[in-house]
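The same subunit A turns up in both complexes below, where it pairs with subunit B and then with subunit C.
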Partner chain A sequence: MPLPADTDVSTPKYLRDKYAIVGIGETTYTRGSDKTTRALGTWALRNAAADAGIKTSDIDGMLSYSNNDSTSATFMAGDIGARLNFYMDCVGGGSSTEALIGIAIGVMEAGLCNCVALFRAMNGFSQVRIGGTGARSATPVGGDMLHNRAYGWQSAGQMFAPTFMRHMYDYGTTPEQVAMVKVVHSEHASNNPKAYYKKRYTVDDVLSSRIICKPLHLLDCCVETDNATAIIITRADRAKDMRHTPALIRGIVGRCSKPRMDMHYQTGPISRVGGYYAKDILWPNSGVGPEDIDATGAYDAFTFTSMLQLEDYGFCKKGEGGDYVSSGITRLGGKRPNNTSGGHLCEGYTHGMNMVIENVRQLRHDIDDSCPIGADGKRQHTYDYREGGCRQVKDIELTANLGWANPMTTSGMVMRRG
Partner chain B sequence: MTLQGNYLGMSLSIDDLDHENLDYFKYCSRHDFHLQKCDDCSLLRYPPTTGCPWCASPKATWTKVEGKGEVHSYAEVHHAIQPAFKSHTPYMVLLVDLDTQKAQPSEHESLRVVGNLTTPDGTLAPEEMVRGLGIGSRVRMVFSDVVDGISLPQWTLDTTAKQPDKPWRYPQE
Partner chain C sequence: MHTKPVPVPDEVSAPFFDGARDRKLMLQHCSACDGWSFPVRERCPHCFAAALTWRQASGRGTLYTFTIMHQVMNPGFASAVPYNVAQIDLEEGVRMVSNVVGIGNDALRIGMALDVVFEDVSDDIRLPKFRPVAG
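Right, the complex of A and B next:
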């Protein structure tokens, strides 16, 4: 796609396409990794460097995010033989990936370093469970937590439920519509050999699974897995020397939030999420709109989160998210597939980074499905999306990732095929 | 010294330098609900903060507020995470729009006070009571006493108020 006339990468406002994701790395998505987060992280970082076609020692900047459940950049860097000119370990989960890519661009633009690796390493099943089970569930409740945890209001599903409920109340969204998010993502995962759950589910499967916290059934909730993921970002002019077609970064919005972050439910409508504000940064900065996007990666910690973000970022009218996610649009072969890897609901839980990795592969036209590999070393995609088949989106040029921390905070990113 | 108590087997505490929460829970422990009222713009706010979310003034006065309102939304927990709640499922976490300052200072804002659905004595509600309550239900504030200086504000059905014919509940029971 041609650059818009107003593109001027020399100005700080528009850095469209000046930086690119050139390397992506993953471990397996498992339960029971039998490895430390340090071992997982360096595994993913080495894979990302190999994917980019650079030496790990070419990495001179490092960013990570965690909730005290990982290993910091200081240990990762040495293990891959990198001396860093910049690093930062941030607190956070979902919505961190896109925001930290924004920070990576900022520090490179400011001349602090040249090649940034971003990683998330976690034993989300075998060490620190994200749902707050295990040791985390029994921690003492003090100070500001007396207004939430003291009421048994702690896990992500419990904290988000009033938003989800109110959306059903305000707009008549039905459990059957929302269940289609899981159905569609499970179809995608069935064509993803590395997905933790590859089974295809039906609406009935979702609605007959046990209730965890109304309105969430077990199958409305994402999987918890052990894994690490990494991304390498550098200037687009350096990307030419690397192995793959770069995924150019057109625009980012980072950790954009609703008012009253101390308790966002004080403002409303509470069925509105952070995307309502983020869309006014992401689309102008990217120079494109939702109608231009070929595939989305809308964070699916829960079925509802994908739907709410697609709605508030403007992929459909407010209140019509239930229709959108159950219409077939989000399915492979539909107009705008969502989470073609199966996402957090099926592939594995990484706090957002695997959804960015998936879209980078989509933009390379080199998704890792079961299609045969040709003489040029590239997969010969069939675009037959039946179970066990292809998951490459045909002729894809533009993707959007919509990251979610909670109903109030979101990050987003638009990427373009280089 | 930290103020500390035990609630359902869970340790609750407030640091002695956390004046906002100490004051808030001091009034709650007298079963006398108070919120901070901004000295400059006169708006009440919840939960306790160190400044006014609307005008940023740090000056506020604790002001008595009537504990009556309507359920705005809820979570109904069937699989408890915290050990303290495992024997109490299903339990409800309610977001209640207080009648005081409702839809102020703008249409979609209200004082939305969190609490569990409880019986009038502040005990987590039994399942049949949970099943009868939903969005639109009228509730009144009661308290669960933890220790001298900490009581948790809670919600129970307001039997003196006119209730909706059928409060909105998640369609699948």
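Right, the complex of A and C next:
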């Protein structure tokens, strides 16, 4: 794939596979955690350290992101008994997971620390719901809100829906096609004991669920849950001593954006999303292309956000996303399954973290489904994907995560089985 | 009874709302690059010049895309649902967010010709909205 003339890939090229995700942890995905985000964060971090087979005191770097609805590294470090050589709490949402893993690689490469834990803790159902709706809407509108809130345009679904409408108009995409994203992810979730929603849905279920904002139905929208999630990143050579097969990080693109992030719809076609630009960084940095990828984790805040990203990252031609997501390609047993955990539509809403965690488990060939556990302590995967069955993708070697903040900003990451 | 959010103009956006009060759609125009811009900015988003002046726009445009709100996300809109939120491509080359009025939501069509009207939201604030061009 040719590179844009002004892209310097000399450094990323040499960092391919040099760092790895070695530990993953999560709390339960619930509604009504009855815990503080601080308690949730500690829970997830301890699970991630145990998963890696390290002591929490081995963590010396920490990153987190939130929209003022979480806890910070300053609390987490003491709670888990880690003395930090580096930490940073960032503002941000769905494009943060992959971007912050990129930052973790950068600070370790620069010698600031050796082992970074990234966490996201949120009571996204019982405390701060995404979108600033309800009572928080009543504040006076000023600044850039002058030109949207006064017209009744504020929640994430409301903000993204016009993008989908225009995609339908330009390319003939149908709600039936896009509903298949929910159908497929719900099939995956039915084989995921952790998933908040394990029920399998049909296209009719999606289209007959109540309309939220045209063309989005209730079942086109992701679940809101309370949970924390954590990911531990370190150098691949250190990963050899840890419990699991490492997920090597091939390449990252972080918070790559369209022009005019403030008002993205001002510039060019509205159905173009950040992946249009991000693909020219992610694939060269990773040294692979979409055709090499065995499974994707395309952010499903809404059904059609998965579709738009798969399109603009080049998994299909622009405008053919409706065909792609309804063709069976994205289903377990298909050519390139998407969001095998059930994603944000079914497993739980974590602002992107659980889609990376799922792909790490996939690359270990040790997904946590209901298959029997053998004498070696690993599941004996059946690759029978019927309800309640297997979730492991056979012989998976390469995954791509496509993170979404909104139509204008995306992060992406390619991982390889170590 | 909740009311719809009422804009509180600042010193930069005041001319937009002053114009709306007089039923004029005012946009910023850059005398350095001849570019129009929206929403309100301190400098031209095309060339970053500070030479922005306010001009009355034609008020004519076409419907670029829209959505129809059924869920009440803001209690001020509880009595308004289902209502549309539209993006309108103005003749001047900028795209603005507003509501299309004077037509049922089912009759909205991408590409339809629209022109500006003004609706009172408080004693001091009028908002530009759009209606289908007759005929």
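Keep in mind that, in the parts below, the second predicted complex is superposed on the first by the 399 of 418 C-alpha atoms of A that agree within 3 Å, B and C clash if a C-alpha of one lies under 4 Å from a C-alpha of the other, contacts with A are read in each partner's own complex, and residues count from 1 in each chain.
One rule holds for everything that comes next: contacts are C-beta pairs under 8 Å (C-beta built on N, C-alpha and C of every residue); 3 or more make two chains touch, one makes a residue touch a chain.
Quick caveat: nothing in here was measured; it's all calculated off a predicted structure.
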Mind checking the superposed model to see whether subunit B and subunit C fit together on subunit A or clash?
-> clash
Counting only touches as set out at the top, which of subunit B and subunit C does A:Gly268 meet: first, second, both, neither?
-> first
Given the touch rule stated above, what does A:Pro175 touch, subunit B (first), subunit C (second), both, or neither?
-> first
Answer with first, second, both or neither: which of subunit B and subunit C does A:Gln380 touch in the superposed model?
-> neither
Does subunit B (first) or subunit C (second) touch A:Ser370, or do both, or does neither?
-> neither
Scan A:Trp153 for contacts with subunit B and subunit C and give back first, second, both or neither.
-> both
Which holds for A:Pro162: it touches subunit B only (first), subunit C only (second), both, or neither?
-> both
Would you sort A:Ile212 into first (subunit B), second (subunit C), both or neither based on which partner it touches?
-> both
Which holds for A:Gly142: it touches subunit B only (first), subunit C only (second), both, or neither?
-> both
List the residues of subunit A that touch subunit B in one complex and subunit C in the other.
-> 131, 133, 137-138, 140-144, 146-155, 158, 161-163, 165-166, 169, 210-215, 260, 263, 265-266, 270
Could you pull out which subunit A residues touch subunit C in their complex?
-> 131, 133-135, 137-155, 157-158, 161-163, 165-166, 169, 210-216, 260, 263, 265-266, 270
Residues of subunit C that touch subunit A when the two form their complex = 2, 4-10, 13, 16, 38-40, 45, 64-71, 73-77, 80, 83, 85, 87, 94-99, 105, 110, 121, 127
Subunit A-facing residues of subunit B, complex | 2, 7, 10-15, 18, 21, 25, 45-47, 49, 53, 72-85, 88, 91, 93, 95, 108-112, 114-116, 135, 150, 152, 168, 170-172
Of all residues in subunit A, which touch subunit B in the complex?
-> 131-133, 137-138, 140-144, 146-155, 158-159, 161-163, 165-166, 168-169, 174-175, 207, 210-215, 259-260, 262-263, 265-270
